[in-house]
Every structure is written in structure tokens, then in C-alpha cells.
Amino acid sequence: MTLNEFLHMGGYAFYVWSSYGLAMIVLLLNVILPLRQRKKLLNDIARTARRARRNTT
Amino acid sequence: MTSDSLLRAFTLLLKRDLTLAMRHRAEMINPLLFFVLVTSLFPLGIGADPKLLQAVGPGVIWVAALLAALLSLEGIFRSDFEDGTLEQFLLSSHPVSVLVLAKILAHWLITGLPLLVISPLLGVLLGLPGDAIIILLVTLALGTPVLSLIGAVGVALTVGLRKGGMILSLLVLPLYVPLLIFAASAVDTAAAGLPVTAHLSLISALLVLSLSLSPLATAAALRISLS
Amino acid sequence: MFRMFKDFFHKMASPRYFYDISGNMIPWLAAGCLALFLAGLYYGLVKAPPDYQQGDSYRIMFIHVPAAWMSMFIYVVMATAGAIGLIWHIKLAEVMAISSATIGAWFTFLALVTGSIWGKPMWGTWWVWDARLTSELILLFLYLGVIALYNAIDDKRTAARAVAILALVGVVNIPIIHYSVEWWNTLHQGPTVTKLDKPSIHLSMLIPLLLMALAFKLYYAFVVLMRARCEVLERERHTGWVRELAEKK
């Protein structure tokens, strides 16, 4: 099938592509969010540790 | 710990809860009023066409019963939680699941039974035929204990929380769905004059299942909430 | 040989070891997942022919069905992990349980929305009370209940144990709910054949379906590990190894 036919999806383009698009968004979100959360956590923990050390010295 | 003392503990707890409830008789009316009120709202909301009301009647009454049960469930452990009695239950030598069963039974007698008694009136309000009203009574008789039993697990999980009430609905309502489906369908089928043995068997099965499992789950949940 | 497995499981129970091992596993799982996805997308969107009745819209099935399968699979995993954590007090089991909850909820949401989108050209409306969609909806509520309860309890350990009970109650109810909703649906829908059924599926459509299903499984595997690592860091934040790790970055 040609690229046009592929994108057109026999007239169902809106339905097919919105489904696949939504799936892509959900899957990417569930990868990006934990990555960001991990960085945030590590930064947070490091900051708390530094502050604790400063307070005791 | 003999089985004799366990039976005594059970009956004592049951009597205690019933006595306490009798002292606050006004509070017992609330779920009942809610039940009647919600059911009455439907004709106002969707129109008073008798055929329509008869078609939605069973479902409406059962949904109202669900919500009324949910509303009344919150109180089942609250006062005991607040004055420390609940911890005493957990520390006692009796199996917690039996004590829990006593409390659930008391709760059902106080809140479920009144719903049962007033339901024929609501059936008449919505124009249900006589056969259907009888089956309505039967489904409520079998089903309201299930509501108390399943609900108790949810309450036990949320008893220590500040906004427990909101979460309780979210936790418990999905679990009520099978009962709702079978019960409303039973009354519908009875209104059409057909036999409902299958429906009633299924509801009885739910009752037996929740009767055996729910006290255990509730006891476990109480232990966790109070840890 | 048996000793090796025993040692492996004993070590896995230690959060620190788990954190390291999972960190190594994630890239491999992700790579495998990506490969399977690309293969599945190619076979599903390009190679598989249009359906005789539904045209090209049936291709939504390659997202909808694996997502629905995952939504149920993950719930069972969550309940099992919860039970293990409850019975044997293994911290990691608790972590896996709560890490699975959010992912499972997203898959359920995806299954619901793609099912609805698929239904529009087929049935003409955005929502039908089809037995399976209705069951998925209730499953979503079960997931949201787990997440809400976990977030409402301050102490993580208590929260994990409470959620384990809830998940177990839910897992017992899921077959009952499915059966009751299906029964309800046949009463009210009449003889309409649901187009989401695939009584006999052609090989050219089965292959992308299975590829996508496997891709989703690997996806769940590496994403749950990512979330679990975050959960582990949060729980172990006061230990030496976590602090060292944080300050190294």
C-alpha cells in the first residue's frame, strides 16, 4: 500500500491514528514520569544529606 | 478460650451494639429517610410515566439501598475506634473475625432490616406489581447482609483515615456491582412473571461467600489499620 | 542448581541488590520491547490486510486487546505480590504491588478509550454498555481505589499492607464481576454480536496481536522496575547506600 493509503486507513484514519497516538502518549508518559521522579528523589535525598551534614559540623 | 465463652462474647457484643444504637434512635432513621428520599427523587427527575417507573423501579430501589447502606456503614467501627474499644477487640483472646461478625450483624439489624421493612412502600410508589414486590423483599433480605459484609471490609481499611468516607465509596461500590445486577434483574424478571430461582441462587451464593470470607478480611484489615 | 535460585531470591529480597540488578535489566528489557513493538506495528499496520467487514478500523484491536489483557494480568500480579508481602513480610513484594497499580490503571484506561474509539465507527456511538467494556470500567475503579487508599495512608508499610488486602478482595471479585456483567449484558443487549470478538482469527492478524501482546508484557516489565526503583529509593532514603548513591550523582 502507498503512504497515502497507509495514512488514510480506508477512511478510518481519525479512529485508528487517535488510538495509536493515545497509546504512544500513555506509553511514553509511563516511561518519562518514573525517570523524572527518580532524578527528583535523588536530588532531594542529596540535598537533605548535605543540609544534615552542615547542621552537625 | 472455650467455644462457650466465644458464644457469650458474640452475644454480649451484639447486645451492646444494639443497646447503644437504641439510645440514639434518631440516628437510625437517617439511612431510612435517605433510602425513601432518593427513591422519591427519581420520578421527579425522570417523569412519572407509570411504564417508565415500573421499568426502572427495581434498579432505582436497589441503587438507593446501596447508597443508604454505604452511608450508614461508616459508623460501624467509628465510635469504637475513637474510644479505643477496637484495640481491645484486637487484644482479646477471641478470634477477631467472630467479634467482627457480631458487629456486622448488629449493624444489619439496625440499618438493613428497616430498609427491608419500608421497601414494599417504595415498590408501590414506583408501581411495581405484587409479585415483584415480594421478590424485592427477598432480594433485599438476602442482599442487605451482603452489603453490610462487603462494606465492613472497606470500612475496616479506611477507619483510621481522615477523609475515609470519600474513599469508602470508591472502594466498596465496584464490589457491589454483581449483587446489584442480580438483584435488580431478579425483581425485573419477577415483574414479567418469570421464575427467579437462578437469580436468587446467585444472590444466596454471594451471601454465603461474603459470610465466610468477609469477617476474615475485615479482621485482617482492622489489624492493619490499627497497627 | 537449586542453591543458585535460592540465593538469587534471597538476594533479591534486599532492596539494595534489587536496585542494582534491576538497573542492569532495564535497558535490555526496553530494547526487546522496542523491537517487538516495531515488529508488531509493521505487521499490524502494514502487512495485515484490511478486514472484510470492518475495513482498516479493526487495526485498533492491536492496541485495545493487548491493553485489556495487560490490565487484567497486572491486577493479578499486583494481588499476588501483595499477598506475598502480606504473608512473608517481604518489602520488595510490597514495592512491586504498588508499582504495578498505576501502570495497570493506565492500561485499563487505554483499553477503555481505544475500545470506545473502535466502537464509534462500528456501533455509531462513543460508548456502549458492552459486557467487556463495562467490566473494564469497573476494573478501572478497582485500580483507582487501590491507588487512592495507598495515597491516603501516611505510613508506607501500613499502606502497602492495606492495599494488599484490598487487591486480594478485588481479585476474588473480578471473575464474579465479569460473569455478572456478561450475564447482564446478554439480557439487555439482545443478539447483537460484539465486533470486539475474534472467534476465529486469521494468522496475518494473529501474529501482530501476539507481537504487540509480548511487547506490552516486556514494557510492563521494564516500567514496573523503573517505578519500583523509585519506590525503593523513597523507602530506603535514610540508609547509607541511598545517600551515597544520591551524592555521587
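Chains: A, B and C, in written order; residue numbering restarts at 1 for each.
Going forward, contacts are C-beta pairs under 8 Å (C-beta built on N, C-alpha and C of every residue); 3 or more make two chains touch, one makes a residue touch a chain.
Since the structure is predicted, the reported quantities are computational estimates derived from the model, not experimental observations.
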Original post:
Whose C-alpha centre lies nearest the centre of all protein C-alpha atoms?
Top reply: C
**OP:** Could you pull out the chain whose C-alpha mean position is farthest off from that of subunit A?
**Re:** B
Original post:
Just how far, in Å, is the C-alpha centre of subunit C from the one of subunit B?
Top reply: 32
**OP:** Could you grab the centroid distance between subunit A and subunit C? Build each centroid from C-alpha atoms only and quote it in angstrom.
**Re:** 17
Subject >> Approximate Å spacing (C-alpha centroids) for the pair subunit A, subunit B >> reply: 43
Original post:
Once bound in the complex, which stretches of subunit C touch subunit B?
Top reply: 138, 141-142, 144-145, 148-149, 152-153, 158, 161-162, 165-166, 168-170, 172-173, 176-177, 179-181, 183-184, 187
Subject >> In the complex, subunit C residues that touch subunit A >> reply: 45-46, 50, 55-57, 59-60, 63-64, 67, 102-103, 106, 109-110, 113-114, 117-118, 120-121, 219, 223, 226-227, 229-230, 233-234, 237, 242-243, 245-247, 249
**OP:** Using the touch definition up top, name the residues of subunit B that touch subunit C in the complex.
**Re:** 153, 157-158, 160-161, 163-164, 167, 170-171, 173-175, 177-178, 181-182, 185, 202, 206, 213, 217, 220-221, 224-225, 227
Original post:
Where on subunit A is subunit C touching in the complex?
Top reply: 1, 6, 9-12, 15-16, 18-20, 22-23, 26-27, 29-31, 34-35, 37-38, 41-43, 45-46, 48-50
